[in-house]
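Each of the next two complexes has chain A plus one other chain: chain B in the first, chain C in the second.
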Partner chain A sequence: MSLAAKLPWTHRFAGGYGGIGSQPLPTDADAIDYLSRMATADGAGVETGVAVAVDAFFRGLKATPGLFDAIKASCILCGARTLNGALVPMAGAAPANNNFISDDYTRGGATPGLKGNGSNKRLSQANPATPLQNSAHQAIYLSANSAFAAPSEATHIAEWPTSGTAGRTQITTNTSQTFTRCRETTGSYLGSTSVGVIGISRSDPADYVRRVGQASETITETSTGTPEQVVYVFNNSSGSYSDARLAFYSIGESLDLEALDEAVSTLVTAIGAAV
Partner chain B sequence: MPDDIERPQPPASPQTVAELLPYLPVSADYGRQWALVFGDELAERLAEVQAAHPTQHWARPVQLTDGRHMLCGDLLSEVPSGLYGVGFQHLDASRFDEISIVPWAEAVALLPQPDTLPE
Partner chain C sequence: MSPMNNRLLVPRKTPGLLDLVPGAAAAYSLRSLSNSYADPVVTVRRSSDDDEAPFTASEVSDGTLAAFCGAGDGLVTKWWDQSGYERHGSQTTPTYQPKIVSSGSVVLEEGKPALQFDGIADFFTAPGLLTFSEEANKAVFFVGAAGNNANRVRALFIGVGNSTRVSLFKENQTSYGWTGDAYANAVFANAVVDSQHLHYASDYNGSQSLTIDAGIASTNALGGTNTGSDTAEIGRGGTGQWWDGSMQEMILYADNVNAVSDLIIGNIAWSYSV
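And then the complex of A and B:
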């Protein structure tokens, strides 16, 4: 990596100077806004290598029609210099941090992200958009999976109704299984799981798409309702906490999970190499 | 001034948070050994203080099956001036001896069990 890539992206010579190489700087207006808010929270701008990866991520999302706008709330839980910076939202409102400490956060390397403790740590935030019954998605980047073995499990993200089970939406894993619901009651198991992007997206009352291990499948389960607007990351409302490490999460309306997977996976890999 | 002066080590088996005040912030690894356990009155006071001084970071206790409330001990790595410093500075230090420190595994054994997933 060049010396220029290690300079804060806000540095006057970040774009290049004789002897330290040259490189492009962020150009996407939304990426620059996000990076600027992150720099305020962190106390310094991230390295240019990280900033360029974030810029490419934003531009990649926008290259697929509807993808960027479908993300209503999201945090990139890697790259930022501090936990404060990681909790700056790329979309939607900032989450409330319940019990995470700075040491729970790893900004780069092979397994970046924020690690739960499986007991009492979670993020919570309001979904800024009214949840829709038949247009919804949730996605996470699982850097390191839960250590819980069946029948125990870790819920990584959930948006449930205030009472009852209709319209539950969640992504849960243990060491051998993946369990998802998308605006429904029953839920569906996959007899395997994988690190990387796990996502669900519903655009039809009759079924939704689940993506695990870079493979998508259609789950035929009818939607049954809408959840409340509070989203929990690393937890659901009934006390199933995650002990996994997550590098990204997003919620919102239905979207192209394969395109999101490609953009997020590229981002996390690039950030991991940059810091 | 040398920068390799060793800080005094916190006790191996602390009983209350009051004993740890001279050692704050403790290391995250030290804090992870412990849970901070307290009763309803202190839980209500903690909620009041945080509501009066809101930040993005909330020390959010969970209620144990015996009715007491629990926080993870690693929060003590973020006080008095870290992520949870704002609320901490408004707590009544004279009541820290009412917050028991118990081994983390003992507290986890008292966590309510989550709903099971469908078969």
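And then the complex of A and C:
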């Protein structure tokens, strides 16, 4: 990456230098707001190359009708200069950090993201909207999978009811399987897993869509309730902590998982190359 | 015909960095840092017959230097100071000379000419910089890429023997350091090594700071002025810790230039990005 692309996007000469050259800067108002809040938390704006990737991500989300608005809470866990910057939400409220430290965070490269320890590190994410039983999604970008082998499992994101099992929503993997629930009780195993985007989205009482390894399938399981309004990232609130590395998570209402996958994967790849 | 049509329109030349912010204490580069600078930027010894010749910035990049070196290597015996103070960096020992032409091709970093230091023996002595450590206000702007290893290596060193007074260095595979006083008082800033970076290191009345690519500033109040330095080197730390990567530009100011640092950083960043 050129030195100009490494200049903070907030730098006086980030956009160009008279008589020498120029480069694009972020233009999307929501992206600029997010990047500005991140710069405050970080102590400096991210490199222009990172900022432009984030800007393209926001514009990409908005290119698919309903996609951007369906994301009610989300953090991009890469790109920011510091852990504090990574925990600035792109949507919704900021998550509460439970036990993560700076060394757990890798901002770029081939496997960026925040790494759990499988024992006591998690984020508590308030859901800003009242959870809906039949319009819901969760998604993560798994940069590096859990090292837990079956029957052990790592839950990467979960939104459960305070008691009982009705309406549970979660994404869980180990080295060989993926397990998901989306506003239901039983849950469904997939006999494989993959790094990259893993997502679930329900828009119908009878079934939901699961996306793993850039392939989507319909899971026929009837919704059974709504969970409480706190989402745990890297944990399921009952002891199954994640030891994986996540570069992104989002929660909210039902959405187009394939479009979200494309946007998030492009973002993580671009950030990985930029820093 | 209107009067306008009789005028000869000459494009305005972009001001050089030292035209914009004059007064550098020393300025080493492979580009011309001011529009009035017409002297060479390097003197090069070719490996084929040890003949030496000076080269201007345009001659470095237009093929003249490569033609002089033929199919062999070009080793730098003198990195010219463009400040006017003649604080040149020099190296008379052939095996200690950084490379600028390798097997007939000019060494490039991100597409621009660069000096390649081998991390084993290459460095310049720059005795004209000895008094730089005595300044209450001092700033260094440096463009280079360190090698991807865990060794501490020095881009700039001014001290007593191998005892640091002023130094800009790569600490390990995740950080760079700077001190205007002593190694123990250094500030450190994280950055990926093995990649070209623009360093801005300053010590203004004992408050020292280091930023990489204009990112997060690492600061403390442990800088200082010094006396009695007897060693000033570019690419080595007194008796070891040789720089193991490329260098393209190092500009030193014995002044507080913080108010215009954006202008300097912008000029440098864009000059190495086309």
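Note that in this section the second predicted complex is superposed on the first by the 271 of 275 C-alpha atoms of A that agree within 3 Å, B and C clash if a C-alpha of one lies under 4 Å from a C-alpha of the other, contacts with A are read in each partner's own complex, and residues count from 1 in each chain.
Note that a contact is a pair of C-beta atoms (placed from the backbone, for glycine too) under 8 Å apart; a residue touches a chain by one contact, two chains touch by 3 or more.
Given the structure is predicted, the values throughout are model-derived calculations rather than measurements.
Asker: Which of the two partners, first being chain B and second being chain C, lies in contact with A:T266: first, second, both, or neither?
Answerer: neither
Asker: Quick one: classify A:G43 as touching chain B (first), chain C (second), both or neither.
Answerer: Touch status of A:G43: second partner only.
Asker: For A:S194 in the superposed arrangement: first (chain B), second (chain C), both or neither?
Answerer: Touch status of A:S194: no partner.
Asker: Have a look at where A:S203 lands relative to chain B and chain C in the superposition and call it first, second, both or neither.
Answerer: neither
Asker: Contact-wise, after the overlay, does A:T175 reach chain B, chain C, both or neither (first, second, both, neither)?
Answerer: It touches nothing on chain B or chain C.
Asker: For A:T222, using the defined touch cut-off, is the partner it touches chain B, chain C, both, or neither? Pick first, second, both or neither.
Answerer: Neither chain B nor chain C is touched by A:T222.
Asker: In the superposed arrangement, does A:T111 touch chain B (first), chain C (second), both or neither?
Answerer: Neither partner.
Asker: A:N98 contacts which: chain B (first), chain C (second), both, neither?
Answerer: first
Asker: Once bound in the complex, which stretches of chain C touch chain A?
Answerer: 12, 14, 110, 143, 192, 195-198, 213-217, 262-263, 265-274
Asker: Quick check on the complex: what are the chain A residues that touch chain C?
Answerer: 1-8, 11-13, 16-21, 42-44, 47, 81-82, 108-109, 275
Asker: Flag every residue of chain A that touches chain B in the complex, lowest number first.
Answerer: 83-84, 87, 94-103, 117, 119-122, 151, 153, 155, 172, 179, 186-187, 236, 238-241
Asker: Under the touch definition given earlier, write down the residues of chain B that touch chain A in their complex.
Answerer: Those in contact with chain A are residues 28, 31, 56-62, 70-72, 74-75, 77-78, 82-83, 108, 111-118.
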